[in-house]
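In the two complexes below, chain A is the common chain; its partner is chain B in one and chain C in the other.
So, the complex of A and B:
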């Protein structure tokens, strides 16, 4: 399976999904005109990847995202939650700037209702 | 005419306007305005909050305003950018203690009345109830006719440090307002929806 790499823009995050290692990262800002359109190929890749692989680590390193991106992030997490329930090894790391309480809270709120290993991690 | 511009300039200066824009809200425009806001005001947590309210308001106008214009500027920077964008107004005032972010746009009157009911309900909720409502809504499939997730209003009200203000005003089509959506739908009455959100510059209230 090929990797998924999408370069960042002002309003869309960088996507670096490594199929060989299972290391996936979404970083940057996310407020495109259509979040659904942007995240569609990301969802498709993940669904395909989860058919074969048994373990993955997804890192989020976002500084800002709008509400429609928030919905798409939830959809990604629900997909991973399902895979986790099916016995695959899934870990999510939510990275936030240590000064960014808003992003920390947002991560903690995602973690609250998620049956997943979900770590909220501060960086400097 | 010159005097009008001077009057507007004086008003905007005395009211400490951070940014004010009236016209077509394309994605490219809101990105640029957002960058100007951050360049002027810095990148602190309060500015980030104000910025996110601004983006939700601007994208709401882009998607939902009944006043629409064809996008002919060629400023589109994202694939699939729509051909028509919504028109409206957003102002951000700096009141020394708070940022007041205001948006206004034309809406079909029936839709506007629904929005007022929704705002009234959301404004009656505590921060904890708003949080629950946000999570409930995020789990739902996007509402019919929604381009987003139906979360923008709830999110803005969660961020507001003072009771949000909202009002629906009748619009007068006779004066040739360019925000009128009356073209081709003579009976469709249009109103003007206004929303004000306040973000304190220091933590005067607790979050929950």
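So, the complex of A and C:
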């Protein structure tokens, strides 16, 4: 399976999905003109990746995102929840700057009622 | 069945694509509701499934609401920080660093505005240009630090003596300009005289035991002059007369 690398832009985050190591990270800011256009390939890649793998760890390291992006993130999380329910070992790490209270609370909000391991992690 | 809205615009189509799964669930439910199966277990199963989906959607809606609020809060705080920083910059841009008075750049604008307003409404305006007497000697005989302290003290006396509505600015080195809007020359002269007397009466020994400070002031209220610049030049002319007339005096 090929890696998925998307360079960051002013309005879209960086995607670094390494199929070989299983390191998957979405980082930066996210307010694309079309959130669907941006996140659809990401969803497709994850769905494909989950077919072959038994475990997955996805990291989010976002500083800002709009409402459409939050829906796309929820869609990704739903996809992962389903995989988790099917017996795959899925883990999500939500990284936030330790000074960024809103991003911490946002991570905690995402984590609530989530049927998979969801860690909120502060970095300096 | 819910009418599918026209998706002529891209953002609307995007939103529907984002909610593709949810729309699918709804359409499925609508088919079942329009033509319910006779098998009660099948209906119950469909209902159960719909309940699960509804619960998921509700949870998402609540999450998105709270997350949206947090993002807005973050933006609001950023905006607040930004406007605070802007205000500070604006304040700094028009303030003289040493004395805290308005600076010359701001004065140029304020003077023109005051002059134009006075002329437009046929109101008086008095301008006073003042200069600390023998200031160079203060710097030479004492120190530049003493000189700075003198300028700060003079600035405070000026500010404390004029009316709140008056403008006091540091024009340059030891030169200060005062604008007295709505005040004819007699009134302007009276304030200028109070300022001169207050500077003379100030206890300068608090800065240095041998220190004595006075100021000279030139005043003009001649609004028949061509522009604000000319009015200030006239006050400067009068200041020159005050200097040559022996200093520590007000001339107009």
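In this section, the second predicted complex is superposed on the first by the 124 of 124 C-alpha atoms of A that agree within 3 Å, B and C clash if a C-alpha of one lies under 4 Å from a C-alpha of the other, contacts with A are read in each partner's own complex, and residues count from 1 in each chain.
Following the convention adopted for this analysis, a contact is a pair of C-beta atoms (placed from the backbone, for glycine too) under 8 Å apart; a residue touches a chain by one contact, two chains touch by 3 or more.
Remember, predicted model here, so these are calculated numbers, not experimental data.
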| item | value |
| --- | --- |
| Fit or clash between chain C and chain B when superposed on chain A | clash |
| Which of chain B and chain C A:106 touches, first, second, both or neither | second |
| Which superposed partner A:89 touches (first chain B, second chain C, both, neither) | neither |
| Contacts of A:37 with chain B and chain C, given as first, second, both or neither | both |
| First, second, both or neither for A:11, with chain B first and chain C second | first |
| Segment of chain B intruding into chain C (one of 110-118, 128-136, 164-172 or 182-190) | 128-136 |
| Doubly contacted residues of chain A, that is, touched by chain B and again by chain C | 34-35, 37, 64, 66-68, 70-71, 74, 100, 102, 109, 113 |
| Touching residues on chain A, where the partner in the complex is chain B | 9-12, 31-35, 37, 64, 66-68, 70-71, 74, 99-102, 109, 113 |
| Parts of chain B lying in touch with chain A, wherever the complex brings them together | 27, 31, 35, 45, 48-49, 51-52, 55-56, 59, 62, 77-82, 131, 135, 138-139, 142, 147-149, 151-152, 155 |
| Chain A-facing residues of chain C, complex | 10-11, 14-15, 17-19, 21, 56, 59-60, 63-64, 66-68, 70-71, 73-74 |
| Chain A residues within the chain C interface of the complex | 34-37, 40, 64-68, 70-72, 74-75, 78, 100, 102-103, 105-106, 109-110, 112-113 |
